[in-house]
Every structure is written in structure tokens, then in C-alpha cells.
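Structures for review follow.
Both complexes shown next keep subunit A, but they swap its partner, so subunit B is in the first and subunit C is in the second.
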Partner chain A sequence: MTTGIELKNLRKMYESHGHAAWAVDGVDMTIGAGKFVTLLGPSGCGKTTTLRMIAGLEIPTSGQILRDGMDITDQPVTDRDMRMVFQDFALFPNMTVEENVAFGLRVRRMKGSISESEIRKRVAQFLDLVHLADHGQKKPHQLSGGQKQRVSLARALVTDPKVVLFDEPLGSLDANLRKIMQIELIRLHRELGKTFIYVTHDQDEAMAMSDAIAVMSGGKVAQFGAPREIYDRPVNRYVASFIGHAHIVDAEVDGRESGELTLRLRNGERVALPHQNTTAGVGSPVGLMLRAEDLTFADQAPGAIGGRIADSLYRGEYIEYVVELHGGAGVVHVHSRTDTPLVRHGASVALKVNPAKAHVLVH
Partner chain B sequence: MTSSAYVAGQGQAGARSARRLERRRLLFWLLPPVAWFTVFMLIPYGMLLYTSLGHVDDMRFIPGFSFDNFIRVFTVDPYLGVIIKSARIGVMTAILSAIVAYPLAFYIAFHVRSARAKFLLYLLVIVPWWASYLVKAYAWKTILGSGGILNATLQGIGLTDGPVRLFLYNEFSVVLTLTYIFTPFAVLSIYAQLERIPTSLIEAARNLGADGWTIFRRIILPISVPGMVAGAIITFSLAFGDFVAPVLVGGPDSVMISNVVINLLGVAFDWPMAAAIGVVIIALGLLLISASGWLEEKTQTRF
Partner chain C sequence: MRAFGNPRLVFTMAMSVLAFLYAPILVMMIFSFNDSTYTGLPFNGFTLHWYRELFSDQQMLFSIWNSIYVAIGVVIISATFGVPAAIALDRFEFPGKGVFRRIVMLPIVLPGIITGVALLGFYLTIHFRLSLHTIMLGQGTGLMCVTITEVFARLQQLGRSQTEAAVNLGANEWEVFRHVTLPGIRSALFGAMLIVFSVSFDEIAVTFLLTGRENTLPMTLWSLLRREVTPEVNAVASLVVVMSIILIVCGMYASRRQETSAGES
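Moving on, here comes the complex of A and B:
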């Protein structure tokens, strides 16, 4: 049975200058075998510490790590058979690319499980897999950042681990290279069928690659789910604003009838939203999450929100309008197609909310 | 047409004066280093060479242009033999220092976590240098001597009946004293090299299943070779030119080349011969430094 990795109430305390802080404060998570799971959050949210505990590079203060149902919390790092790809690549500078990739295999050869000719074959095969077949004799310092990361990948994959851990592996690469490497990583995940656990602070990266994302904050998991679920139905304001630049407008529940929810904004305007499964009762304060791509300009129509164009930014693919809602009810952004006529700065507009995408935040 | 030519002409004039200014500024900034080099290097080396080419007649220096002194360095006893022996003592000191220094440098670099503790240990390595060199050499005399601590202890625990005279006044005691005195240099240069190794390298190796010994042999040791070479060069040079240890703890046969030079200068008044030995040693030193520079470059790991 393959159940993958389970984290049970995992905690890690750091002490410095006599002052203790929880870097990871009770993480529960099940990572299915063969999945691509991303730990996402700003720096200091505990994502890297969680990954390092899974790898065995940090010892948890309390809690458990299970692998296929077996407790591996106290298993030494050298025995875990999980390979890590580091942000700074961590290539051995005194060895050639080939020697780097072969390192993990040679370590095993000393235990007598693989022959030297088999090592050579596998190293060549994996250098080919990451498109570095011609660079085997080079030293790491002769490679570009992207190439170094590919070597690091090959070194991790060549030993055929079931789990591969990534600690912000694309963090030190430039934007274009990052996109290329993202596609590369998705390809490798699909082809090799291994469990990938990935740490990043880049939400685009997380959205594009993952089967599931754990959004972390203050050492805890704020939300764990598929990218689409997290994007469309964030559980709280923190997740909503961290993923996809949502704007949140304060509102109050004005009425609820047979699944339809009416919200009153601070300026008194009312917005009717069908299909909302919120527990919020009438009169309770909520946040209305409005994403730029879910708002459209409308004619003065019932149910539309009124506002004024504060700024417009030409983005190439679309025009981004900054709209101040009437009566200081909040600020939202609206994306508009570039083939539509430009709306004048200062003009009054009415905004229509895509009812299928609007989301009410209770917390 | 005319206006553009006018503008171009002006531009050239401006460039020329800027260049002149630049040249004047360059001269100003070059003067101090050139003067320093002349006063402290060129003139002393020139005097040394000049002296070595002359000879002494009736206690008076006669200038000349003769290589006799250099020929004597290589043919007349005991000069060449003493140079070789000094080099041997230097090599032994360098090797011993590296062996003693490595574990300490390793410990400070990898096992001391807090920056404060690191600094403290670093300080403890340097602290002996606050005491005079002579005091430290004398200390070894009292440790190794026939009435010294070592002999007293050995007799006390009944391992020996009388004082052992083998510890002092021989090459062994010279090498031991020099190793003690110069080891801090080896510690610092090895430590500096080990400090460059990022912890992620060690974590990556452990993650790939390597045990401590494999990590040391395959990663840490190869990367630290240039540090050992640099440390060995420093300790060798310092030991090679030493003249205090041979006098204090050395025996009649452990005269080193600096002692010979001192005798030539102060006792025999044969300054040209002393200068010739100096020139030979400097030439050997230059050779050694270029060779070690090459070796350091060759073994240096680029990150």
C-alpha cells in the first residue's frame, strides 16, 4: 500500500539568545505517493523547516513523520532515501559534473549493491535526461545557474529515490530560466512518477506545478488543497491575498434566502450572490473577495457596484484599472481586454461581479 | 559643416586636457608605492647583492664583481649542509604543524556553532603570540630539560630511573619548539579554507547517504588542501629562518642557516659571505613561493 508521507502534529522550536520560538507549530498533512505537493508561504512561515524535517536534516521537537505508515521520525538522514535539491545547488565544487551525479551511487557501491559500469551507465542516462550529456567533464563553476540546477536534479534522481524534496530550487535563477525549469520539473514528475515535495514563496510557481498546495503562515498550514480550490475558495483573507492578488472589500451580510446571499458594502450598495455556502448569519461582517479577472464593466444595472477609475496600467496582455469604490468602500482592480476602448481616468463606472467566482470570506 | 567641425575641435581639446589631468593624477597616486618599493625593497636588495659580490680584506670591505662567495656557498663546508638541514627542520615543522593544526581548525569550523565560541577559540589560538617568542622557547627548555617537567613526571610515575637527556639539545627539541610556536599560522590558514565550505554541501552529502568519513575524505579534505599548503609555506619559511630555537633548545649539531649568517656578520666579519648566503636563500625562497603559488592555484577549489 502506498500512502506516501504523513506529518502528524509536527512541531519544531528554535532557541536563540534564551528566547524560544516555534518555527513549525503543529503541521498535519498527508502527501500521497507520486504527488507533486508544494509548501507555499512567505519567508519565516516554516515551510523550509518542515521540508528539512521530512529530509531528516532537522529533528522535530515533537510530532511524527510517517512514510507508508512507518514511523521515520528518528531515522537518520543517511538512511531516508529521499533526495533533496538545494536552493544554492550544493554541488561538490571539487568534483566534475559526472562525479557529482555519481556521488550518491558510489556511496551505495561501498555497500556493495551496484557495479562501477552500472554507475557510469546510470550517470550518462540521467545527464541525458536533464540535457547535460556534453557537460559531464566540467566542474560546477564552469556551468550557468540553470545548468547547475540540472546537475543537482540529476544527482538527486539518479539514485532512484521515491521522494524528491525541493528547497526553493529555482530561487536563484532569473525569471525566464525559472519558467523553463518549471516545465522541465513538471515533465520529470510526469515521466518518473516520484513524489515531489516542493518549497517556494512564489505562488505562480506553486499554482503552475502542484497537484496540491499547502499555504503556510506562522508555522501552521492555513489551507491545504488543489491549486484551483485554493485560488477559488480560500479559507481566509490571508490565503486569499497571498494567492493571485485578490482584493477584499469589507461587507456585511444583509440577507440570505434559499442559497442566495445579499451583502451590503460600507457605502450601502448591495451585491447579490447565488451559490454561497457560507455559515455567516445576517448582520455578521464578512469580506468579499474580488479578483481582477472576475469583474467586468457594466452599464448602470441593478446589482452592479459603482466606482471611479483611479489609475490605468497598460500590461500588454490586458489593461489593468484601479477602481475606487464609491463612498470609500474599498479598492479593486479590473482587467480589461486591450481591444476595448480605454476608460478615461476619473470616469465613473459600474462593475458587474461574476457570481460564479465571487467568494465570501468569513475569517 | 563649420559648426560641427567647431564642436568636434572643442571636444578634442576637452579630451586632451582631461587626459592630461588623468596622467597627473596617476603620477600622484603612483608616487607613494614606488617610493615605498624603492626605499624598502630595491635599495636593501641592491645593497645585499652589491655586498655579496665583493670581499673582505684585513677587516675592510673591498667592492668587486666576483661570484666566489656564491661558489663557496655550494662547495665549502658547512654552508650547503646547513641550508639542507634547515630546510629539513622547516619541512618537519611544516608537516607536524599541519597535523596538529588540522583537527583544531576542523573543530572550530564545523563543530563550534555559536559565533562567540568560535571567536573565543580563535583568540585562544592567537593568544600565545602575546607572549614573547623567547619566553615560549625557554618554556620548552624547562619542560624538556633533565630537571624539567617531562623528566620529573616520567620519574615520578616510575617509567624512567634517571633523567632522560634525549629530549633536549637536539633536532627533535628544535622541531618540537618551532612546531609549538608556529602552529597558530597553520590553524588560521586551514580554518580560513574550511570556513569557505557551505553547510549545504555537507547536508547534500549526508542526504545522498554519505557517512562522516566519506564526507571528510571526498569533500572536506580535497577542498582544504590549498589551506594546508598555505599554512605549510608559512610555517616552513618561519622555521627555516629561525635562529632562536637552535640556540636555546638545539644541540651543538643543530646550528641553522640563520645562526651561520649571524656568526659571519658578528664574529667573522665576513659580510660578503653572509650576503651571498642571503641572496641564495632569497632565490630559494622565490622559487618556493612560485612553486607553492602554483600548487595552491592547482589545488584550489572554485566555488
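Moving on, here comes the complex of A and C:
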């Protein structure tokens, strides 16, 4: 059975100065073999602790970690055949790039099973894979941040693990380099077909690279699914506001008819949406998630929301308008193409919601 | 920023402090070359006589060797037990860790004479014959705190991720120590060894109480000085000063070099 990694009610408690707190509080997840899965969340949400438990660097307080159906919860780190890429690279400063990469092949576990010439060949092959073929004799302190992370990557991949773990590997790189490395990582994942488990607090990074994202909060998984699913249909306000730039307007369910849900905003305006997969009954309070790219300016059409331009920001790729809804019903942002005429500050506008993308949040 | 106060006054103060510290040593070194049987003016002329005297003085040479022998033993003891203690303090949580940390630091604060008396009583109780080795044990356990402090500080600075990376790549405890921990702490350990060596070399309080038949250099000098001050004492002291300076420069150079290579990775 090749199910990859399975986490079953995984929990980790930390104690400091007599206070006990759950860093990870019941994580259940199945990570398919060969998938690129990201644990996403703000610092302190338990994502790194979860990753370190998978690696064996932390011992779970309770729960199980399964790999291909086999319980590996108590297996020592050295036997797990999972390699980790660290945020601070964790290169060995006294060794050359080549020696760093060869380390995993030279330690006792692999000794005897692989010849010195084979080690050299593999090291050269993987340095080539991360475009560092000419840097083998350098010491880590002679490399740039991006190069260090490539060495760290080669060092992890050279031992041919089935699972590679990433602990915010791009966190200490600048924005441009981060974009280049993202593309590099996707390429490596595609070429090598290994399971990548990736931890980050950067939602763009998570969206761009992952097959699936687990959004974490307070030691729990708030939502686990494909990037598109999490972006379009977040399960609650936390996920909605963490992913993308969503604005949530308070509303109340006004009517449910077949194929249509009507919401009433706080200013009394009504918005009709095509059938939403929600259980909220008539009269119950909900949140209407409105993303900037799903709102367009409209003529005073029925079903449009009225508001006033409070600010406009020129972003280069688009113009971002801050719109205050009438009657203090909330604030939303609207992205508009730069070749459309600029709407004046203070002008009254009507907004049309893209019915396919509007999403109702019950929690 | 403008210097605080009157720069000339500050300069004069600094110079007087330095003069007060080092002028006597300089004077002592100058008199080791004086062609006179007494340490003092007038300066009768340059001679290496006292150095020749020193190198033909069997008792003196023997005590120098004893001091070196003891200091090497002390360095070995403090490194052998200090490094594992520092690693334990850095890496593991165990009950009583806080107490352990303070206890190993105690010898720094405790007067040497107290440690000496206590150890003497202990050795006599268990019928240990006093010798250079009892001095070694006494100093070694006391000076271990220097090694622990230095190495522990370096380990804290290194952080844990290199160790974790090594373990993650399949290295066992010994391989982690050999390839990651030891290279990381090397310069700190070397520095600590130099400090321990030089402190041990001129230690007198513990040594005085624990010594057997053989004497170390400070003990020999002490007994010589009680009879008379010959320029031979100046000569041996000058040699010790020069050796110490060489050791310190070596130590600084070694740690500087490693810091630049380990610095930013």
C-alpha cells in the first residue's frame, strides 16, 4: 500500500516555566506519495513542530505517524530516510561544498554499500542538478544565500530519500531569489517524483508550488485541500483572510430558494448568489467573502452593492480601489485594469459580484 | 561621537594604569640581564649569565618540567570532562540542570585555599599519597569550569541545526561529534586549554597544600625568594612571561581564523 505519510491525531505539548501548551493539537492528515504538500500558517501555528515530528527530531506527545501504512512514530531519526532542508541551511562550515553533499553518503549508515568513486559520481551529478558544478571546492562561507540553499538541497537529495522535508527553506532569501528558487523546487519535484513536505508562512509560495495545502492555526489544521479549493472555498474566516486578500462583509441569510441564496448586508442591500453549498438557515449571520479581483464596477444594476471610493492605489499591474460600502456595511478592495478611466476619490460606485466566485462563510 | 571628557586626561590615566601593570614586569626582565648578584640598581652591564645559571640549575629545571607536566595533565582532565559536560548542558534537559550549571561554576568563586584544604582532607581520608598527580586532580576538577563555560558558550552560539542536519543525514552520535560538534567548538576549546594551562602553570594555593615531594615552579620560586632574590629568579620569570605571550597570541590567532571561516554560514 503506497499511501505516503499519514498523521493520526498527532499532538505535541511543550512545557516551559510550569506552563504546558499544545504546540500541535490533534493533526490528522494523509500526504500522498510523490505529492508536494505545504503546511501553511503564521509563526506559532505548529507547522514546524509537525514537520519536525515527521522527521523524528521531535517526539510526539501522543498520536501516530505512519509511512506506507507502517508505524514509524518511534523510529529513530537516522532510520527514517527522510531528508530535511533547513531555513538557516545548516551547512557544515568546515567542509567544502562537495564534502557537505557527500556527508550523507559517507556516514556509517551508507558505508560499504556505496564505493568512493560512486560517491564522487553522485555528488557531481547532484551538484550539477542544482547548478553548482563549478563550486564543489568552495567552503560554505564563500557562497551566496541562494547557493547555500542549493547545496543544502543537493545534500538532502543525493541520498535518494523518498521524502524531503523543507523548513521555510526560502525564508532567509530576498524576494527575487525566492521566486527563482520556487521554480527550481517545482522542477526538482517534477523531475525526481519524491514526496515534498514544505513548511512556510508565505501564502504565495504555498499557492504557487503545492499540490495540497494544510492551513494551520493554533496547532490544528483549519483546512486541507488543493490550493484552488482553499482559495475559492475557504472553510472559515481565518482561512479566507490568511489566503489572498479577501475582505469579509457581515451579512444575514435573507432567503433560500432552489439554486439561489439571498444575503442581506448590514445596510439593508441584498445580494443574490447562485446556490451555495452552505447549511446556514434563514436569519443566521454569515460572512460574505469578496476578493478584489472578483468585484467589478457596474452601472446601477439590480443586485449590485453600493459604495464610495475611499482611496485608490496605483499598483502598476492594476489599480486598487478601497471602497467603503454604504451605511458602514464594510470595506472591500477592487482591482481594476489600468487602461480603464480612473474613478475619482469620493465618487459613488456600484459593485457587481462575480457569482461564480462569491463565497459564503458560516464560521 | 566625541570622546568622553578630556582626551589628554583619559590618555594619561590609561597610560598610568598600563605602566603600573607592566612596568614592574619590564623592570624585572631588564634586571635578568644585569651583571650583578643582586636584583637592583646600578645596572652593571649586559650578561646572559643568569640564563646560563638557570639552565644548569637542576632543581629549577626539574620544577619547570613538573609545572609543565601538571599543566598538561590539568588541560587533559578539564577537556575530557568539561567538553561532555558542556554538550550535556547545551543539548539535554535533565532534572537538576540549573543546579548542576551553578555547581560546576563554583570553583571560580571559591578561594583556592578552601578547595585545597578540602581536597587535602579528602585525600588523607582515603589514603591517597600526595604527588604531582594529586595536584593535577585538584586543579583539573577546579579548572574544568573554564572549559565548560567557553565550550558551552560556543555551542549556544552554533545552535542546533547543524547537529540536526547531521543526524537527519544518518550520522550516529560519534560521527556527529567528530564531524560537526568538534570542528565547531575547536577554537573555543583550544582557547580554554590555553587559559587552563597558564592558570595551572602558576597556581599556588591548591598546589601548596596538595604537593608531595616534587615541587612545581611557583613553589620553587617561592622558597628561593624567601632566602634571597637572585637575578636567576628574574630570568625564569622573564621566560615564563615570554612563553605566556606566545601562547596567548597563538590562541587569539587560532580563534580569529576559525571565526572568519565559520562566521556567516
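Here is the rule we go by: the second predicted complex is superposed on the first by the 359 of 363 C-alpha atoms of A that agree within 3 Å, B and C clash if a C-alpha of one lies under 4 Å from a C-alpha of the other, contacts with A are read in each partner's own complex, and residues count from 1 in each chain.
Note that a residue touches a chain if its C-beta (ideal position, glycine included) is under 8 Å from a C-beta of that chain, and two chains touch if they have at least 3 such contacts.
Note that the coordinates shown come from a computational prediction; the quantities given were computed from them, not determined experimentally.
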**Message:** Should subunit B and subunit C be called a clash or a fit once both complexes are overlaid on subunit A?
**Reply:** clash
**Message:** With both complexes overlaid on chain A, does A:Ala90 touch subunit B (first), subunit C (second), both or neither?
**Reply:** both
**Message:** Is A:Leu57 touching anything from subunit B or subunit C once the two structures are fitted on A? First, second, both or neither.
**Reply:** both
**Request:** Identify the partner contact of A:Thr159: answer first if only subunit B is touched, second if only subunit C is, both if each is, neither if none is.
**Result:** both
**Request:** Examine A:Gly104 and indicate which partner it touches, taking first as subunit B and second as subunit C; both and neither are also allowed.
**Result:** both
**Message:** After the superposition on A, what does A:Asp134 contact: first (subunit B), second (subunit C), both or neither?
**Reply:** neither
**Request:** Scan A:Asp311 for contacts with subunit B and subunit C and give back first, second, both or neither.
**Result:** neither
**Asked** Between subunit B (first) and subunit C (second), which does A:Glu116 come into contact with in this model arrangement: first, second, both, or neither?
**Response** neither
**Message:** Under the contact rule defined above, give the subunit A residues that sit at the interface with subunit B and also at the interface with subunit C.
**Reply:** 55, 57, 77-78, 82-84, 86, 88, 90-95, 103-104, 107-108, 110, 139, 141, 155, 159
**Message:** Considering only the defined contacts, which subunit C positions touch subunit A in the complex?
**Reply:** 159, 161-162, 164-172, 175, 179-180, 183-184, 260-265
**In the complex, subunit B residues that touch subunit A** = 198, 200-201, 203-211, 214, 218-219, 222-223, 301-303
**Contacting residues of subunit A [partner subunit C, same complex]** = 55, 57, 77-78, 82-84, 86, 88-95, 103-104, 107-110, 139-141, 148, 152, 155-156, 159
**Complete:** So, in the complex, the side of subunit A touching subunit B is made of residues 55-57, 77-84, 86, 88, 90-95, 103-104, 107-108, 110, 139, 141, 155, 159
